[in-house]
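Dropping the structure in here first, questions after.
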Amino acid sequence: GNQTNTPKNVTKSGPHTPVTLTVWDYFTERELKNLADVIHQFNKQYPWIHVDLVPGKSLSDYVRGITSGQPIDVAIDVGPDNVAKYCATGAFQDLGPFIKSSGLDMASIFPPAALKYTSYKGTQCSLPLLTDAYGLYYNKDMFAAAHINGPPKTLSEFTADAKKLTQFNPDGSIKVAGFVPLAGFYENANLYNGLPWGTTWYSSDGKAAFASDPMWAQMMEWSKSQLALFHGYDNLTRFFSKIGGANSEWSSAQAFEKGEVAMAFDGEWRTAFIRDDKAKINYGTAPFPTADNQTQLYGSGQVGGTVIGIPRTATHPNEAWALVKFLTTNTKAVETLAELLNNVPTTYGSLKDAKLSNDPHFKTFLSIFRNPNSRFYPLTTAGTAAADALAAFVDNWQAGSVPDLQQGLKKLTDQVNQQLQLGG
Amino acid sequence: MRQRPLPPEVRRQRFLMTVANHSMAIVLAVVFVTPFIFILATAVMTRQQALTGSFWPHPFVWGNFIKVFHFVPFARYAWNTVVYSVLATVGTVVSSIPVAYALSRMSWRGRQVAFLLVLATLALPSQVTIVPLYIIFVRIHWIGTLKPLILPTFFGDAFTIFLLRQFFMTIPEELSEAARVDGASEFQILTRVIVPLAKPAIMAVALFQFLYSWNDFFGPLVFANTHTWTLAVGLAEFSQVIHRSVLWNIQMAASVLFMLPIIILFFMAQRAFMEGVTLTGIKG
Amino acid sequence: MRSKRRGRNTLRLVVLLFMAPWIIGFLGFILYPMLSSLYFSFTKFNLLQTPQWVGFFNYRFMFAHDPNFWLAVRNTLWIIVFGIPIQIMFAIVAAVVLTRVRSGSGGYRTLFFLPTMVPTVAAALGFLFLLDPSGPIDTILRLVHLPQPLWFESAHWSKPSLVGLGLWGVGDTMIIFLAALLDVPKQLYEAADIEGAGWWQKFRYITLPMISPVIFFSVIIGVIEGFQYFTEAFVVSGGDLSLGAPQGSLLFYTTWLYQQGFQYTNMGYASALAWLLFVVVMVCTVILIKTSNRWVFYQGGFR
Amino acid sequence: MARIALEGVTKVFGHEVIAVNDVSIEIGDGEFMVLVGPSGCGKSTILRLLSGLDEVTDGEIWIGDKQVTDLPAKERDLAMIFQNYAIYPHMTVAQNIGFGLKLRRTKKTTIQERVLEVAQMLGLQEMLDRKPATLSGGQRQRVAIGRAIVRDPVAFLMDEPLSNLDAKLRVQMRAELARIHARLSRTTVYVTHDQVEAMTLGDRVAVLKDGVLQQLASPQEVFRQPANLFVAAFIGSPPMNLVEAKVGDGDISFADYRLPLPSGTDLSEYRNRSVILGIRPSDLEDADVWTGENRPVIEANVEIVEDLGTEMNVIFSINAPPVVTEQTQAAEEDASTETGIPLIASEGTNTFTARVDPRCRARSGSRVRLSVDPDRFHFFDPETSTAVLSKHPAGLAS
Amino acid sequence: MARIALEGVTKVFGHEVIAVNDVSIEIGDGEFMVLVGPSGCGKSTILRLLSGLDEVTDGEIWIGDKQVTDLPAKERDLAMIFQNYAIYPHMTVAQNIGFGLKLRRTKKTTIQERVLEVAQMLGLQEMLDRKPATLSGGQRQRVAIGRAIVRDPVAFLMDEPLSNLDAKLRVQMRAELARIHARLSRTTVYVTHDQVEAMTLGDRVAVLKDGVLQQLASPQEVFRQPANLFVAAFIGSPPMNLVEAKVGDGDISFADYRLPLPSGTDLSEYRNRSVILGIRPSDLEDADVWTGENRPVIEANVEIVEDLGTEMNVIFSINAPPVVTEQTQAAEEDASTETGIPLIASEGTNTFTARVDPRCRARSGSRVRLSVDPDRFHFFDPETSTAVLSKHPAGLAS
């Protein structure tokens, strides 16, 4: 059950008995060290709180840890996918009382998207700790060569540009792709979560809306039409494999960095990769174009990142809150972490961070994050099940194994609804 | 003794036969060995070489084996693996021997039924029981430890019982009866006659259990956590991490370190392995 | 007839003592979990809250609303229907080759068997590298101007690649066949020789029937293990985050079960999946055993 | 040392198989009792009941003055020797022999002494440290014997101890067993289905069939006065020639032959009825070789002659149906699986065998004159199959 | 149908083991040739060489008029019957019998006909659809024979076909084999180490030792005129009594006995030297039973009496060392593993066996008078071990 003891603010002064906090996180290697550095800052303020970092936890580890009653004071989870489940079941404690006792005004600290994906049905059981934002990467040299002035703002512009940018070999195979629309390509799964189409995941009664919201069908058709630009799914797949397949995403063989793709949907961290790999491309970043009938959304994008919460099994919730508060709201701390990890900082204060906002490439993503239309996909207690089902559907649709789109979307709707019931 | 000269056509035919047989064998040997060579070679390559599909390391980066320890808590996983494997082996063997004995060398009502149950559990997918077991172990706070993996082995393992029983059945009944007439109790018959005679089979099942635990993936994946992961899970999870940085060389080095003890064990106890595997096959 | 007496009772006690580990194990680690998982299969249970009775909801969902279930079933059947026969045939061929090579067969045997010793995870990681688009196999194919499939990254090639991985570790099956082959009395071949049989006739009419119990054994084990196929697929798909990739082509039954149970924490549904698996495995085993006497020759009767 | 007694012992396996059926045998102290009978007749079962390895279904077992029916094997203090020796392959010869003593927590030095003593007696002293695998069949059997002797048990039980040895060795070991028995004179129960062993080793022989005791007597008596058709057909090789004969007035006729009745036998009961006549092959002699005695002679067409060097089997058909009763079949088949194999020649006709002097000139296809000795005729009731007893036993009249 | 010939055939296994050493045997068309000898003497090897399963190291093999030395087995058109039958356990009886025909792509109906025919001949028609596992040993052997017969091969090769059967069945099957041979009169080479089979079945017998042919003659001749000490000791059961004797002036002495020399034998060469004297147990008779003939008599202390019913073995020691030559040992041991087991009684003294009439009154410990027939004495040269031939063969003088 939920812990109901009233939170007590931990004061920085006065005598304290030493406390050890167990912090589960998903970091490894370099990122772990970066986190440890920031926590070191925390320790300067709270010297009696010792933080024990338990790294490398996966999404499913937390549920297991909490259900098996392991004393976890703070949980740093890789994404928001399980937040609904945590909030609904009380696996993570409601932070409301803590926030209230600390007198924090959430809306003035965090952009709305971030608050949204860290809470469920009004329960704020976690807080954002850095985030990712997705936008458009485009190769300026290729744009110039194709006489395109700037990044496209609508999908029809985008399609036209993609067509212009694509070059074929004499044998019909792709030499340079304007864009690779495959669902399995790098980060495209997040694209097909449907934000540029303004899709509705769930109608007001909480039922899946894949069939009822026509924008989904529109998105599907669009993705199919994109395939046609490249002479079909198989041709693209072959191209994808030739340029190194999915694994190349995390190496210097990444297609955009090597100039094999002119436009790409990707997250903010790519800027750092391009820098570190010393890729010889002249590129720009922009929000991803929107559907022609959804231009009001331009400037927004999918956002979502690390969440941090206090599991119900925490032994020192008050000290844990002190740490959570520090990590999520201390501008300096957030800035430091964001710089180190090349992620988007999550508070208004830190978004002004000079170092990040001076980088023209990175700036795009800061603004995307700030955009009120930006969002993560809607959270449910079924966790990633709905998103997984959608991704699988897009994949199958593109591969041509969905004969009737409406029928398929209905089935998807049904599957997700049932899955929601299953996990609800 | 002088060998009668064979007619040339007979000799030629035989020679061709031998060549054909050996060619087949060599082709198969190459198929079986090549992956090893690539894995070993890659384990000592630089990252770039490994990425570009080189065939031979240049230079040899033996340091990869050290680096493994930086990237993964290899030592801890190895220790967990050893603890799990050794205790599970001891538990399985010690608990299965008397059961196999009772199922093969003693006559009692219900023996056939019990044996059928043992056989049936052989076909029982572990997934059927893992959810409730998981819940039990959640309740007693054992998740994240190796205990859920080790404890059940002390209550007999169907496969081990089956194999030992099959072997015990081949020991002539007269030996036990001779001992019985000589004045031995059932326990003495088991320890003084059956166990010494079944040594090869016991060795084999011990090796099997050891291997099984060493390789076990699903069990530690479900029950253990990052601290208590065994090498199998540790390396698989590790592979996801290094996938991001595509460190094939480190990954192969880790794999080599993982398989090395087993390969060494195999060469030390090759006969027992082979005989044990054969034992599984007899009498289907 | 006489009444029961003292001797019997002490014997019973000894039997009970010897059987105790298994009885406890069976009750505690098999029977109880099975029954409770049967119960869970009729509940909604996410571990974080108490189970909630939902009747046949899980089963209805499975058959009517869960495309991944059918996908997983198809993939699993694929591995069973194609993978197992290929593996068995390959094992027989390798074993026959071993019996035909006179000198050095011990060395060959060791080499053929060695890959079996490689832990599954290590083997899968090894093959992941070998079959990487930039890995050695595709490099070689490129050098000899052959098409370079995407192997584990292509929905078409991923399962065949897994079969290849299985073939690499076929050594234990091979050794069983080798033992069976060597177990065929030499005199049967000699009798056939004298009757005028050629090598294929000897293989077809003597070897195959004589080793049919072992073939049958391998099929049964293969089917049982095939239904539980997990580790290799888990590793080559890229682990927790991309189960079943690419395009669900490696989503096997137990993968889906694992994902539902331990990632989505739908323990009720996972239990339902597990129970169906159990029933199917049992039914298949029984059917195989029942139909076996049509093609399997038992020397001394089945067990 | 003790007498052993079975009293009305019955053993039922499962619900159907009556392996031993109400058998009572008393074996005197120091007696060598041989149990003989076709395969499956319950010989081994009786031994196992005696040893305590199996439990009786009904009846009582006594060893010495103690009722041991419910005593487990380990408390009966018997020694058993098995057909396949059952020596422990993982122990040396010395350990094998000493195992029983060790189980009794005998002092190490005592064990050593006793083992050495026994080994010397059996000529095993050279191989005390060897493992059984390196021993020959005969040596293994000796080890088994040693293991039995060393404990100085009240009785020895032996289950076909020689049947796994080859012919020559079997003869040697047979003699050796006789010597050991003479030396230790310990009560011994010996199971065999080899008649020669039964005849040569036993003080008394118990002939069994289907779990029922058929005859319990000295070997000579069993051979010369078989109690019934079964014993007659079972004991003796080649087996006794049997034919259904008509009893006439002071004579008896079968096939084309008419022979005088022996003087001492009263067959008046069977006059003008049939009786089964048995003649041992060795009681038929080539009349041309044995001219000296004045015996009745029968003539026959020789089918096969088997010249064994020291004697000759002359096989001929007689014009009469074979005697096929349940008892003769049981004796012939020996193994229960051997049901109804029609031999080429034996369909419908009755074959006789005469064991004659090798000087006999008979050849396949020729005619032979055979003399018979009516005093050695055996008669059996066709209904009950039991022997019709002659007043003075056949065979003893020389 | 054809004659079979081995010409100077030698077989060496590896580099050392000379299994067959320069053996030449010619087997006539339709002849039944028996190869006999102790274990390991090369009998099976010869059969395997004939069949083509093994290759000769030297020498030639002829079947009919064809040199087949290098022909593979499948082209020799022979049939072989193995000791353990080697019938295909996974095929029914009918399939087993018909397999050879099937391999020759004979028409299905023809196969069926032939199989049925053969099955009827062997009494297998009832069990054509059964698997071998459900058959008894004798039935299995019949299937093996059927498989051989059905193909109508040029010759049969049989390797101890009866040795896995139990005693009674062996006798039956022996007779049956004789009948089948009489009916088909196909050339047959038959391996056995059972003397009775050798004596009763063979037209001729080839006695082998260590791969070398010792004697090739009719069974009677082998028994009555053994060519050397080995044959003498090997053939006959109980084996021939052997003793080193001093040749005197018209008489011969050993132990405490002095006996007249047989009339027809010229031992002048050995006068005042030793010769090895052999007396078959059956040539010793209880002088008290056989009063009729006027033969020399020896007296002895009886050690053991084995009463076999139809005859009696009287075993007694004589005061002379046993004859131990390489040849007698080879004949006695039979199995190479059985080396040097000291039998309790046989150390240092020579034991004789007399096979006497069962009316003999001798008992263990009593004295017995035995008559001997000098005409049946056998003599062997102590150096060469070969027989010293008598002018008119012993045994034929009746």
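A, B, C, D and E label the chains in the order they appear, each numbered from 1.
Just so we're on the same page, a residue touches a chain if its C-beta (ideal position, glycine included) is under 8 Å from a C-beta of that chain, and two chains touch if they have at least 3 such contacts.
Just so we're clear, the structure is a prediction, and the values are computed from it rather than from any experiment.
Visitor: Stepping chain to touching chain, what's the minimum from subunit B to subunit E?
Guide: So the least number of steps between the two chains is 1.
Visitor: Give the chains in contact with both subunit A and subunit B, ordered by label.
Guide: Chains in contact with subunit A as well as subunit B: C.
Visitor: In angstrom, rounded to a whole number, how far apart do the mean CA points of subunit A and subunit C lie?
Guide: Each chain reduced to its C-alpha mean, subunit A and subunit C end up 39 Å apart.
Visitor: Let me have the rounded angstrom distance from the C-alpha centre of subunit A over to the C-alpha centre of subunit E, please.
Guide: 94
Visitor: Any idea how many Å lie between the Cα centroids of subunit C and subunit E?
Guide: 57
Visitor: Which whole number of Å gives the spacing of the CA centres of subunit B and subunit C?
Guide: So the centroids are 15 Å from each other.
Visitor: Two or more other chains in contact with one residue: find those residues in subunit D.
Guide: Touching at least two other chains: 72.
Visitor: Which residues of subunit A are in contact with two or more other chains?
Guide: 58, 64, 67, 247, 253
Visitor: Quick one: which residues in subunit C touch 2 or more of the other chains?
Guide: 47, 132, 134, 240-241, 262
Visitor: Where on subunit C is subunit B touching in the complex?
Guide: 11-12, 14-15, 17-19, 21-22, 24-26, 28-30, 32-34, 36-37, 40, 47, 94, 97-98, 100-102, 104-105, 108-115, 117-122, 124-130, 132, 134-136, 138-139, 168, 171-172, 175-177, 179-180, 213-214, 216-217, 220, 224, 227-228, 230-231, 234-235, 238-241, 254, 257-258, 261-262, 267, 270-271, 273-275, 277-278, 281-282, 285, 302-303
Visitor: In the complex, go through subunit B and note every residue touching subunit A.
Guide: These residues of subunit B touch subunit A: 51, 71, 137-138, 141-144, 225-227, 237, 241, 243-246.
Visitor: Name, in rising order, each residue of subunit A that touches subunit C in their complex.
Guide: So the residues of subunit A touching subunit C come out as 58-60, 63-64, 66-67, 85, 89-91, 184, 237, 241-242, 244-247, 253, 381-385, 389, 392, 395-396, 399, 411, 414-415, 417-419, 421-424.
Visitor: Report the residues of subunit D in contact with subunit E in the complex, numbered from low to high.
Guide: Those residues of subunit D that touch subunit E are 39, 123, 136-139, 142, 166-169, 171-172, 175-176, 178-179, 194-196, 199-200, 219-220, 223-224, 235-238, 280-282, 289, 292, 304, 306-311, 313, 315, 332-335, 337-338, 341-345, 355, 358-359, 398.
Visitor: Give the list of subunit C residues in touch with subunit E in this complex.
Guide: 185, 187-188, 190-198, 201, 205-206, 209-210, 212, 297, 299-300
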